[in-house]
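Chain nomenclature is as follows: A, B, C and D, assigned in order of appearance, with residue numbering initiated at 1 for each chain independently.
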Amino acid sequence: MTTLTLTTPRRADWLPKYGVYLAIAALIVYNAAFTPYFLTVSNLRIQLIQVAPIIIVALGMALVIGTEGIDLSVGAVMALVAALIPLYLGYGVIAAVIVSLLAGVAVGLINGALVAKVGLQPIVATLALFVGGRGLAVVISDGQLKDIRNADLIYLGSGDLLGIPVLVWTAALAILVVAFTVRRTVFGRRLLAIGGNRPAAELAGLPVQRVLITVYVLCAVLAAIAGLLSVGRIQSSDASSIGLLIELSAITAVVVGGTPLTGGRVRVLGTVAGAVLMQLVIATMIKNNLPPSTTEMVQAAIILVAVYAARERKTR
Amino acid sequence: KSEEEPATTGAGAAPAASQVVQSAAPGAATCTIDQHGGEKIDLKTAKVGFSQSEKEANPFRIAETQSIKDEAAKLGITQLTTANANSQFNKQISDVEQMIDAGVQLLIIAPLNSDGWDSVFAKASAKKIPIVTIDRKINAAACKDYLTFIGSDFAEQGKRAADEMAKALGNKGEVAILLGAPGNNVTTLRTSGFKDQMAKIAPDIKITFEQTGNFSREEGQKVAEQLLQSKPNINGIYGENDEMALGAVTALKGAGKKPGDVKIVSIDGTKGAVQGIVDGWISAVIESNPRFGPLAFSTAGDFFGGKPVGQDIIIADRSYDESNAKSDLASAY
Amino acid sequence: MTVLAVAQRRAGHAFQRQGALAVLAVVVLIALAAFPNFRSPDNAATILVAAAPPMLIALGMTFVIITGGIDLSVGSLYVLGGVLASWASQYGFVAAIAVPLAVCGAIGLLNGALIAYTGMAPFIVTLAALLGARGLMRAVSDEGSTTYIVQNDAFHTLGTGSLLGIGNQVWLVAIIVLLGMVVLSRTRFGNAVYAVGGSEDAAALMGVAVRRTRIGVYVLSGLLAGLAGTINAAKLGSGVTVLGAGMELDAIAAVVIGGTLLTGGAGTIAGTVAGVLLLGVIQNLINQVGDLNSNWQQVISGAFLALVVVAQTYLVRLRRT
Amino acid sequence: MTLLEVAGVSKVFPGVRALDDVSFALRPGEVHALVGENGAGKSTLIKVLTGVYRPDAGELRYQGEPVSFATPMDAQRAGISTIYQEVNLIPLMSVAQNLFLGREPRTTLGLVDRARMDREARDILAGYGVTTDVRARLGSLPLGAQQMVALACAVMIDAKVVVMDEPTSSLEPREVETLFGVIQDLHERGIGIIYVSHRMDELYRICDTVTILRDGKLVHTGRLADLERVRLVALMLGREVSDVRREGFTVFSGDHAAADDTPVLRVSGLSSRNRLHDISFGVRPGEVVGLGGLLGAGRSETIKAIAGAYPVDRGEIEVDGAPLRHPTTVKAVAAGIAVQPEDRKAEGIIPGLSIRENIALSILPRMSTFGLVSDAKIDEVVDRFMKRLRIKAAGPHQRVGDLSGGNQQKVLLARLLATGPKVLLLDEPTRGIDVGAKAEVQALIDELAAEGLGVVLVSSDAEELVEGSGRVVVLRDGAVVGVLTGDDVTTESLLATIAEAGA
């Protein structure tokens, strides 16, 4: 009896926390056995490069989800950034970076104001920019895909620093910053409190509106960074296709990583693991030359299994 | 301030190559206004509706819409309404139905999909409105459901791409296909044309990889990266459009390959891809000419004027390779 | 509480509920004045026919959202339903309707069961179903390259025919919407839907079969999405595979514009009907303006969406003071 | 014969043994009191009886048969109906819909017969002294009326057992009398009643039997009349009878008037929408000002308006001489106002966060340098307050949502006190708190006032209000109808003022 009560909660705790890592391990083992050239540095490199932008976006999404929100406009932010960069790249990469960040701030302010001040539901507030943002981006870019020849920008997206892609460094930095923000800062704690119970946070005197707006700005800025780096990586700016459907990938990564959509909790490393897991699934499908039908059904199954394992169990 | 355009692509305003009809094969089916029904009208004063399928966000669609508008302006047609379905098929159907309600007398449609036009045909034939479909064909009866189709033969494009690929590889090697959007007729035909021809002319070329890049450069690059990593021995990549091929070029650069290490053949004929031939990364590009304006309106003019018009007007697409890439670069779109 | 106060509150509720209807009326009046082509009866019929499938999807979504859930899989189920209906039409009228409903209903059941029994978030379960159903659709259509042609005339007529000048499918959808209203407002199931969305814990403690209700709404949503695909296939005459992207978000937007709270517990079908029609009319108006670049169209749609929702929020707030 | 009984039930939550080998029996027609400190396990026992929780061990018997209820619905069908501690109805649905949820009368077509439902609901509620538009949303009713609806809901079905978990905590005196009438009626019809309350007077008035729980264990069960009041309290708290007798039941010192004349809080002409009209009063440092009135009098709104959480149209608020213009919650807290809301679950605690995070919530800037939180500082504060308020928990990292109601309340108070406020606004601070904790909270209020804080106290417990406050401002329909001062602060004059104003 006593042993039972001691072990049961532990097992119940273990799976939700580490299920996603277990799934990653299982996929790696499978690939090591069946996919040629899988356990190579070049492969690690490619997977990391491809997943880096998703991780960056997912981190921002995790913060928003921590406040019991959601941000559908991240793909539109990437498109806006892609449209703006060619216009300012003539002044050098710094100008392009600044403009990208400003675009992120602007979108974040709009989303944040709609959520915090007007009081719209996050999904609706960000739906407007999801619908209109990319259209605006394509208008700005005149529908033209533009090749990027600025070496500095290409370096940001495709270059290496100390043998590791700049893109991966950036993602790593973003992970550290977000993890630190959530765990150690006043802002992080407030964010979780707001997600946990907004009226209570308000009565406790927290600057709820300011925190919410900041969260949406952060999310959009991270998306803008992802957009900037993606432009450098693809070496062209295509407002119509960059970041298409990335909001769903990001949300999936966050949720598969064990962050509940009900707010009040953010799992930063889980989010990273969630993104990596989905990347590995896609890579496995491509490398084994499976058709889209199979890929999609397998993705669906993996999302369900991962979220099932990570779900909150109610005591009964 | 935008980035300086390099001189090579910015070179002047060379005349855009307009479409040429491939072959007026003798005995090919034609259609007259008597066969189709309806009355003779003056194109200049006619109400014309143009329904575009996808956003004007890639060179092909931009050039196509622009060509229709330019030609209408040139001919003095003032009552041209345009709509864009933004890749939503149901929207395209209701766009066209709305045009019919508004009383258009000629419809030019760039269909998103080849099937599913029954309700539109029912409505248009009740008012005897001729429909000219461009770039993608509709699976229905010409001269009855619709007037005529003007466009490329996508399977033929795939065949020609296979010819170029076989030539570039010397009839042996491993080839990967970057597929277009799944379910799209263009994808289906460019794939089957390529595969059939390859099996016929170069059985030693193995197609070992087929993954969709959704006609986008980013996804083309991602898929190509995975491909190059797990199949380092690949010799050729067939991109079902230029964008994916250019994505593959970026992937090749990232993987440390040199121009020509992996042969790339693609379809469309955008400036970027033709420039890719000049730079040595791409072996050949099969053109798919989007400038439908002149041909579409001249066909309609002939039809309203009582002359017979072809039911299936296939245009002659050019191709680019290293022999003509530099000289013809300016005429790419 | 005074009679006056009661009357006032009633009026307030009605206003909140009919906010979308009011906006719709204003937009339609402006359109009637500004665009001669908008006035034709044909145009109205076109709008209604085009709104028929989204109306069914939004109807199911309304039930789901009132329980506090969300269903992202409807777009995929819509395409899947159309493909299956076209394929099954070779086996007759009944098969053409029964097969898509059975499959889409089953996927709805799976959604509902997972949500009700495992406590997983509806957003993520139905997101998985979005992928899974699309995968299934591709699997039954050779990766989307095979388009099945409708081979049953009776079935085809369902989509193309009309009665008293109004398309068959408009009649069908109108009947289903009316039924939906009755179910939501006049049955125990309807009350349970509101109760679950209002407070799941309280509903459970008060003896509402929470799980069964949850499963019920997802099955309903799946069935309606499948039926929407089916009538659309009947209209198009084939099982087009390149449909449905973003359909779920359109439906959610329509429901929200209609005044249904995403937090659950409140909402009406009349509002949803107004929401769907509003989106349809806006689309129609953008086309009436004519020469608008496709990208501008999206900018305008987005701005309009924000405008309507913000306006509604303020209207509701105004009412409270 | 027993109607409902359990033998040897245990229930373990992560980190807590909420019930440990508890046995309990209820006979027909019996009103059985279930008492114990906060967190003793009363609610848990009830939830085990009604199928919300499955016990880890033990047997449940109903009418002599062993049973196992899978869901609350099963229990309800079998004839056990429950009024849970927190009002558990659906605020967005109409009163009538709530009342008939799941058993709506239907027409021959199978559709809900709304007219009949509304009519019957009106009749039933009239029997409980509730006259309200049954088609109004339940959430628009005062809490007390909601509680009466819940009661009607529970009694309406053909129950053999009715369980009431603190039903009177949000009822006003008149409603309490109605409730007791209902209980009397049930008692006569041979229905068994389990009654949980922290109010001793009530227990002795209506209950036959008592079962006392402490820390999840059964400590006593027997006839209530045989048990002296002090002894009951002693058993509950696990202390000696002599200790309890010495300390007494109320700990208010009775001296709440302050000498200092400059008010720390001054409210003048406060008006808000249609709810508050020209409310003025002042609180001097060291003074406890009570806000009296019936439910719906606008006490909560007054408090929220001062705290910046309810829109103010006109009027002035001054804290320590400094005007608080366009108050927002952020400004109010910064100015030194701390508010404890009435509804702890919805507006007070953050259930998913730990005790520690909850306590530190309002003082994060002080616990940090350059936006970085110092855990050491927080631990020190949390530790201090957990000790001072005697918060019973597995540790500072336990989720607040898993605590018992009383301990949640203490966590909330700790958060307020941690801000070092000048003015405390307490809305029903002792609602749902056991005698032990109640005394602690009351002592704390005294102590804080003595330290120079201004306290505004709202309480539906007239005795508490009168004993705890130096002055009582009586509200009705959102306006001040009287102020009791000095020797006038008595229960009698309070009730008289309320009644007079009502006449």
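The working rule: a contact is a pair of C-beta atoms (placed from the backbone, for glycine too) under 8 Å apart; a residue touches a chain by one contact, two chains touch by 3 or more.
Here is each chain with its UniProt name: A, C = ABC transporter permease; D = Sugar ABC transporter ATP-binding protein.
Since we're looking at a predicted model, the values are computed, not measured.
Peer 1: Enter the minimum step count from chain B to chain D; a value of 1 means the two chains touch.
Peer 2: Shortest path length, in steps: 2.
Peer 1: What chains, if any, are shared contacts of chain A (ABC transporter permease) and chain B?
Peer 2: C
Peer 1: Have a look at A-C versus B-C and report the one with more C-beta pairs in contact.
Peer 2: More C-beta contacts join the chains of A-C.
Peer 1: Can you name the chain that lies farthest from chain A (ABC transporter permease), using the mean of each chain's Cα atoms as its centre?
Peer 2: Result for max centroid distance from chain A (ABC transporter permease) is chain D.
Peer 1: Can you give the whole-Å distance between the Cα centres of chain B and chain C (ABC transporter permease)?
Peer 2: Between these chains, centre-to-centre, one finds 35 Å.
Peer 1: Between chain A (ABC transporter permease) and chain C (ABC transporter permease), tell me the centre distance in angstrom, where each centre is the average of that chain's C-alpha atoms.
Peer 2: 29
Peer 1: Roughly how many whole angstrom separate the Cα centroids of chain C (ABC transporter permease) and chain D?
Peer 2: About 43 Å, centre to centre.
Peer 1: So which bits of chain D are touching at least two other chains?
Peer 2: 52
Peer 1: Please set out, as single numbers or ranges, the residues of chain A (ABC transporter permease) touching at least two other chains.
Peer 2: Residues 138, 143, 292 of chain A (ABC transporter permease) touch two or more partner chains.
Peer 1: Taking each residue of chain C (ABC transporter permease) in turn, which ones touch at least two of the other chains?
Peer 2: Expected reply: 138, 143-144, 293-295, 297-298.
Peer 1: Each pair of chains that touch: what are they?
Peer 2: Here the touching chain pairs work out to A-B, A-C, A-D, B-C, C-D.
Peer 1: Would you pull the chain D residues touching chain C (ABC transporter permease) in the complex into a rising list?
Peer 2: Of all residues in chain D, those touching chain C (ABC transporter permease) are 52, 71-73, 76-77, 82, 84, 88-93, 97-98, 101-102, 104, 106, 110-112, 114, 132-133, 136, 153, 273, 311.
Peer 1: In their shared complex, at which residues does chain B touch chain C (ABC transporter permease)?
Peer 2: 52, 55-57, 80-84, 86-91, 93-95, 97-103, 112-119, 122, 139, 181-184, 187-188
Peer 1: For the complex, which residues does chain C (ABC transporter permease) have touching chain B?
Peer 2: Residue list for chain C (ABC transporter permease) touching chain B: 37, 40, 42-43, 45-47, 49-50, 53, 138, 141, 143-145, 147, 149-150, 156, 159-160, 232, 235-238, 240-243, 245-246, 283-284, 287-288, 290-291, 293-295, 297-298.
Peer 1: Along chain D, where are the residues that touch chain A (ABC transporter permease) in the complex?
Peer 2: It comes out as residues 12-14, 52-54, 56-57, 307, 309, 329-330, 332-334, 339, 341, 346-353, 357, 360-362, 364-365, 367-368, 371-373, 415, 419.
Peer 1: What residues of chain C (ABC transporter permease) sit close enough to touch chain A (ABC transporter permease) in their complex?
Peer 2: 70, 114, 118-121, 123-125, 127-132, 134-139, 143-144, 249, 252-253, 256, 261-263, 293-303, 305-306, 309-310, 313-314
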